[in-house]
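Have a look at this one before I ask anything.
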Amino acid sequence: MRDVAVVAFTQAPSVRRDLDRNEVEILIPVIHELKQKTGLKNEDVDFVCSGSSDYLAGQAFAFVSGLDAVGAWPPVCESHVEMDGAWALYEAWVKIQMGYAQVALVYGFGKPSMGDLPITMALQLDPYVLTPLWPDAISLAALQARICLEKGVCTERDMAERAVRDRKNAKDNPFAQVKGDFTVDGILKDPFVVSPLRKHDCAPISDGASAVILAAGDRAKELCKRPAWIRGFEHICEPLDLGVRDLTRSRSTEIAADRAGVGKKKIDVAELSAPFTHQEILIERALGLDDGTRINPSGGALAANPLMAVGLSRIGEAASRIWDGSANRAVAHATSGPCLQQNLVCVLEGD
Amino acid sequence: MAELTAVIGIGQTKHAAKRIDVSMAGLIREAAERALADAECTWADIDAVVIGKAPDMFEGVMMPELFLNDAVGGAYKPMLRVHTAGSVGGSTGIVAASLVQAGIHDRVLCVAFEKQSESNATWALSISMPFSVATVVGAGGYFAPLIRGYIRRSGCPEEIGIQVAVKDRLNALKNPYAHLQLADITPQMVRDSPMLWDPIRYLETCPSSDGACAMVMAKESIAKRASKPVAWIHATEMRSEPTMFSGRDQVMPRATLDNAKSLYEKAGITNPRKEIDCAEIYVPFSWYEPMWMEGMLISDTNQGWKMTESGATALDGDFPVNMSGGVLSSNPIGASGLLRFAEAALQVRGMAGEHQVDGAKKALGHAYGGGSQYFSTWIVGSEKP
Amino acid sequence: MSQIEKALTAPHVIEYTYKRSLGPVLSQFFTALRERRVVGVRRKDGTVLCPPKEYDPDTGESLGDMVPLKDTGVVTSWAWVAKPRPQQPLQKPFAYALIRLDGADTPLLHAVDAGSESRMKTSMRVRARWADTTTGAIRDIACFEPVD
Amino acid sequence: MSDKKPEEKEGPVQVLQTPVRLEYVFSAGQSASRLLGAMAKGKLLGQRCPVDGRVYFPSRGSCPQHGVPLDGAPVELADKGTVATYSIVRIPIEKVPLELPYVTVQVVLDGADTVLMHLLKCDVDKVHMGMRVQAKWKPREEWTSSVENILYFEPIDEPDAPYDSFKEHI
């Protein structure tokens, strides 16, 4: 495998509803800043890949306008996945592995606030037997949470602890949306949104965007003092149907973590993209994390959840901890689909 | 650096306006099972799945690959979903090939599909957005002014659009999977068909189809052991540019020219007209055959129509184009690009049946999309590069 | 960047009735629902999937051996929806639940009308309440209701 | 419970109808909002690319060629221009205020360096590249913050623009 590293990362502040800017206007400063930070011009970038969703935008081919933000001229080698930007980064990593590119620009963007997100997400289900019942995303997560609670996988207190931790960590992250000091006992008094989930168990709805530069070998060293080298990268998808999956664990994350070699050495920092507190617990366990790992120093998805960019941002945040020397080995996680159907794991190392 | 990679299995559905005999899963399984059988392998042999299709609103399912992944044996495997507008089928093939070329996987299945009959593509493409003015309906409305620009520049006679429309439909009669089977097609019939978006007539446009295409790609050590001929991937390339900017050449965008140059360079081709035996090109409106002959640097600028006129692009010509009947005969949008790539591979494997070009050793597969702004192409050969 | 000004906004609706062809297995499932019956499909290992699929989700193998099931079953998990949205099956507080029908090995998702959250319990028994008019759709089952 | 029994003879269910309705609130964004605000006053505002000075109308807030924001002072444009290319449409579409067949044009407004897609009301046999046209506005009292303030373009009595003057916009 070639040495490939994450060398730069920018993001837009996550906000509940950015009514005044369209998606491209949110994206332009993010990409502009990334180019300024690295000094890269379009001709220095060999491959561009993005992640976005037409249904979030309410428009077919919504990703096409993303090219306007790139300034795709002269024409660029470019691809797009209808997935979180973390998978776009995976595709870019593949292109570098095969020798097609040395430097890649990856971005993800989404404005889920435009629609009624929990209902929009019902369109992501089996269109014959599930979508016609319009189960919203929170209800599906609640079904999973109840199984976890009743089988003793976790307690409501464990879940609330994740929310308290992530919101506290987010205080240091100017891009996060939900932050502050809370107590477990305090938030456990809140009413249910969809029982057994309370507000703090659910990630916020966020508009946002993020972008990353990937580079190979010596190019990475030129662009970054301490590149965050990708030492393991895998993603796995389960069947969608909740009835045929073990909802008390994340098998796909376990497989991906095993193949990415997460457990080979100590993990200093983990950035997780779980949109519900019980799912964060399942991901921590699937990755085999323990007290020796700082989890979600940025606040994770529970503090800011710009869909289509949130997973890519986890990779950017994990890489940032390598760059600033506070971690030597980090793992980033992204997810898609109901109840952690599809998961991606990326292991980053400082040397 | 890249691992040598080959197409070892190809499958496609019977394409039709409405495949009401199958579900979405059934449609993609029909193509994928045929590709597996051709590759002489099982679901369990596949390491990863790549799924491509055009906008989710065509089927009304957000990220439908999530519910379809296990229908093509993708449970507990890596799965990617590609979407690059009309070129998506081609891009899907390229992403699948990359996974093998990068040395990450041994065997990858890619599937691209569209089930247009679930809705109405014209509706999905013409959802009017607030603050924009609706001027035209359908893709033809977008491309007609560009075709007019090409005619103005090149002096291409009106007959050329008609000639391509007839040629591709006659080729489709040799392809049992093709949607349109117009046995009685004649130039007069095309000429008499309704003018939709002047200069585009009804019979110069592609149909709207349900269909899927699948391919299995494998690394060299597996491909070498295959009992059937394989198609070696010599080069893949893609280019994109913005939809609109000041001074953009919309008729002959730089992205297509850059893409062609780079593709041939990678494939070691210096004279594409001579070295490529046949090409399967994305031609949704008949005029795009001469346009992309120029855009792919197979013909000189403004001379592409002369290839059509002289019969060079006919099945028995010296540079056959769209042997399968092309997009003009079958158009499951998301799969259309992959079908082009698959036909190129079938040709060099010598497995194209009645529409086989004798002795085809090197073939071009091509797809484009958006406002003539996304291009994806590959060169495949019967011999290793 | 210049100052962000207030932008114009407008409502935007995407509305369409999709026509979904079903293929052999889903066709039998929905035809049965129209007749107020439920069927599942048998996997190679003998277990029964409901809702049925034309393939095994784990292995990709084709399935087609349909099995009649009862319209009663057991709740394996549930989520209490206090404020239903207009699209959802019931317009009063209800539960989404995973329900393993008698004769099946995997649960299906549907709504349970229990009146109040306190009546909901994992492992409770429920029975389908059929819609007045059936058309061959998942909502031919209006919802499930507790069996005492 | 109903005692209504479905007909056995109906045959198997082969197609499922699933209605989907999603509601969004769409934002025009900064750039288009400025442009639309000006349209309410009958003005056409273009924006200049800071890199090459070319004027975009309509602008989507950035120069797609250079990837830079177009946030400089706007440029007011004439409501007259030249037809770069066109199509004659014979398929009806809702909201178009013209009868079939009608003409769609790509117009280069005087002072702009990009094309605007719009409608042209004229004898379909007369339309040609280089034709000079002018916007037909709705009555002033009906103006809103909408591009629909311009109903369509109409030919004007000016000599054709030479092909070389607009060929780069095709």
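The letters A, B, C and D name the chains in turn, as written, and every chain counts its residues from 1.
Please note the rule applied: contacts are C-beta pairs under 8 Å (C-beta built on N, C-alpha and C of every residue); 3 or more make two chains touch, one makes a residue touch a chain.
What you see is a predicted model, and the numbers here were worked out from it, not measured in a lab.
> With chain centres set to the mean of the C-alpha atoms, which chain is at the far end from chain C?
Between chain C and the rest, the longest centre separation is with D.
> B-D versus B-C: which interface comes out with more C-beta contact pairs?
Answer by contact count: B-D.
> On a C-alpha centroid basis, what's the spacing between chain B and chain D, in Å?
The separation of the two C-alpha centroids amounts to 30 Å.
> Could you work out how far the Cα centre of chain A sits from that of chain D, in whole Å?
Here the centre of chain D sits 37 Å away from the centre of chain A.
> Taking each chain's centre as its mean C-alpha position, how far apart are chain A and chain B in Å?
Between these chains, centre-to-centre, one finds 33 Å.
> Which chain A residues reach two or more other chains?
Chain A, residues with two or more chain partners: 19-22, 29, 55, 58, 65, 67-68, 71-73, 114, 116, 119-120, 123, 126-128, 131-132, 239, 241.
> Two-or-more-chain contact residues of chain C, please, as numbers and ranges.
Residue numbers touching two or more other chains: 1, 4-12, 14, 16, 18-22, 26, 30, 53, 57-58, 87, 137.
> Please list all residues of chain D that touch 2 or more other chains.
14-16, 18, 20, 22-30, 32-33, 36, 63-65, 69, in rising order.
> With chains as vertices and touches as edges, which is it: line, ring, star, complete or other?
complete
> Over in the complex, which chain A residues touch chain C? Could you list them?
Checking each residue of chain A against chain C gives 19-22, 29, 58, 114, 116, 119, 122, 126-130, 132-136, 138-140, 142-147, 150, 192, 194-197, 239, 241-244, 247.
> Considering the complex alone, what residue numbers of chain D touch chain A?
16, 18, 20, 22-33, 60-69
> What residues of chain B sit close enough to touch chain C in their complex?
Residues 18-26, 29, 43-44, 57, 59-60, 70-76, 115, 117-120, 123-124, 127, 129-131.
> Touching chain A in the complex: which residues of chain C?
My answer: residues 1, 4-7, 9, 12, 14, 18, 20, 22, 26, 29-30, 49, 51, 53, 57-58, 76-82, 85, 87-89, 96-98, 100, 106-111, 117, 122, 137-139.
> Spell out the part of chain A that touches chain D in their complex, as residue ranges.
Touching chain D from chain A are residues 18-22, 24-25, 28-29, 31-32, 35, 42, 55, 58, 65, 67-73, 114-116, 119-120, 123, 127-128, 131-132.
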